[in-house]
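So that you can tell them apart, the chains are marked A, B, C and D in the order they are listed, and the count of residues begins at 1 in each.
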């Protein structure tokens, strides 16, 4: 598995160039960044060079299409999707991810029908570029009642939904926080096939009942109570070999990126030991 | 449009043979019956002869697959679907219909995902036989809270769901009672394209607020307050030319089939006048 | 049905504005133009005004995606498709069409697999905008051996392919020249359902064996031997109510657009009489 | 990987019971048999017991649906597919396979359209049972011109076709003979993802130009020139962990099943050494 970073939990990141260089310095081999912006910033050749010279890859891009509200907004997002896909593969990235909020102000069944149709189209467009689409289920309990109607939050329901979406390139984004807050065990990971897992996020949780854990109150890997060693072993046993990207939402540390990277490295060293 | 009958509202029907003969005698050109049973009863040749000699066609078959509960029950139903489809087309019937309950004890979003996948497969199997699948939205208000979670009941949401199901042969079954209880107008029918309408049911409603109308308390066409003349004109304007089948749920009359057919004929004569 | 024009057969067209105005002057209610270019030219508001003030609609846009060669070229075309779709619907056009060459230098079966996947994706993207995709079968005999391997040219094979593509919004573009060169009759049109027909082209053919007719040697409607009156009656009976657009390929007349429009109008008046 | 057997190359097999017992005796852990017949023969309970008590599983069932000729024949086969699928999973088998003839008397492009639609439906029905569909490409050169029109025979074209079929549960059946006759190398296997491979056949080939190898003139594993050790290593590296089933077509030995099983065992011991 490949050690990766998202921007969440790293404080202020001055530039993509700095992000790449420092990630590499602290032993990370993948980062998440927006490839369209990055290429606009410095050109495709330099972008490629910056990544390759540091041995850093792009882990995943965000699905920058609003599939949760109106058809108009969905179509607005569609316009930029082929270009984003092209930019991603030009920099060697073949994953695109989005998260599923566990409740919604829309009527649940009609919203599920619309979301299924929209995500299938996104998956099919991404599929034309060889990119896989990862859907992240969200376990945080308080979000299940944040909006008027319950939607979907378990891994099994998400896998079932992926069957309905039906695209060959769709699968799960598994985040350790949502694995934990859903009360899942290592055994639940062992049931998965390699094709079920598109991408992985890692971060840690405070102690206490999982019902009380807030989505934006996460800890750095190794600093909390999640069995991250078991998590990683389970993913490996299920055949996952890709990027495991840190995503520490809600960290309001005033530390510098360098300090936070050192802290992240220490956490990865701890939880990745003997994996 | 073709005058049709389901069994609902006709009292005790002694036999399919009698049903066909009497339907024809009272000017109906289509009936609903189970083609597998009918062929088993009297053989394909005689079944064809009975229908053709009376100028009666089969309007639609029921989707006899339980897509609303478990995967096991769904698969159990799948086994008989190809044979039912074959029997239907051997007797010249190219429509299959099912209704959508407006609430469910299942969690709404995961149920919508499962139902979408199951109905798509049913539609695809039927499609191999050239059969269309009609989905009937159900307007009756009391059914929206009959089970724990609201599901889906409007014509627009059903059309949207059909887009998600995605099968070319799927469309609406429009029932005048559900058109009425949903508060729809003739203009709502004019928005439809011919391919949107697979099948039509007709029956009438008591006076009073539509919120109070019970699903199994319907009236014979022409005996209630629904603007059935407008309903039929709207369907015709939308390009519908198929069977309009009476379905009077909840009629507990002790009259004979013959008397009820006479009553049905009178109702059809009234509402079909000048269509 | 609505009288329409493509640019083919009208000589030099100075501007879209002129095209709209003169089409209207000669009794045409629809023209084909590129809505992206048109809006860039004069802005959306003026574009709308020019069309509306003359009572002219856009009949169809071309599918400007190369689905016939490499994945790279296909993806290149995808990038502009959402924008083209948005421009089309902003000007009230809900049809997009492409033609199928009857032979190919690619191996036929793998090419069919690729073409199916690509056209399905195009149809699905267009479907998000409510746009239908019309596939034009090409009857001209000499094109069946123009490239190394036979592909597909009959109406029935195209309908069957559309079933495989599977998108609810896909259907036929029927061109009178290809109807004629395929040896089809009015009865073949009567088998079609309204949803089968997305768009219609009209033009005429020289006398002689259909085997000898060249694809780019067409005549103005009413000036040749095709039973265009029967063609139009068949389409109407099949439920088609949309645009019938003239497309006279290969006309090398040096006449002015105005003269050619007068000639086109005369042809339409003749073949549309008593339809 | 699991050592498996098909019936091809084992002479006369007296009974399924005998087949299971002797397969186990010679170290095989999987056999192919028809689960519907097997259950009819001895009942589900005994069938389960016979397999479990010997530690033998069913490797794969044949797709017993004719997707290569008429719609009528295809529909005829559909009728038995759900029952076959149910029987398979009741005995723990989750694979179903079919082979692709490299040429056809049908016109190639329309046949590809029909075959795509039919196999997608088969895959979707199987998918409702959790069964994967394996498509076997056939490399034997003489079969490319056996029928009038070339169809499809390479691994890459088959993978591309599987993308078009689009079912999440479809993948390859890789047979060592077709890998060899297609001139493929171990590196070609390394490009595959675990989800690409549904099932594997193993057998060996005579020496000489691959152009001359006949499809029904195969050798037992380890008795010919194919680099079966590399083949198995490549599959393992690609993440395949399932059944590798011997299929020696055309062996006309008069030896007993027992002798042939001993010979098969010797071959497997040889090529599986150090895998």
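Methods note: a contact is a pair of C-beta atoms (placed from the backbone, for glycine too) under 8 Å apart; a residue touches a chain by one contact, two chains touch by 3 or more.
From a predicted model like this one, the values you see are computed outputs, not experimental measurements.
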Exercise for review: Please give the intersection of the contact partners of chain A with those of chain B.
Suggested key: C, D
Exercise for review: Could you quickly compare B-C and C-D and let me know which has more C-beta contacts?
Suggested key: C-D
Exercise for review: Over half of interface residue numbers shared between chain A and chain D means same, under half means different, so which is it?
Suggested key: same
Check your understanding: How many angstrom between the C-alpha centroids of chain D and chain C?
Key -> 46
Review point. Per the centroid of Cα atoms for each chain, what is the distance between chain B and chain C, given in Å?
Key: 37
Practice item. Would you please write down the residue numbers of chain C that are in contact with two or more other chains? Key: 163, 166
**Study point:** Residue ranges of chain D in contact with chain B within the complex
**Key:** 71, 74-75, 78-79, 81-83, 85-86, 118, 120-121, 124-125, 128-129
Exercise for review: Enumerate the contact residues on chain D facing chain C in the complex.
Suggested key: 107-114, 116-117, 149-152, 157, 160-161, 163-164, 166
Study note, to complete from the structure: Listed in rising order, the residues of chain D that touch chain A in the complex are 127, 163, 166-168, 193-195, 239
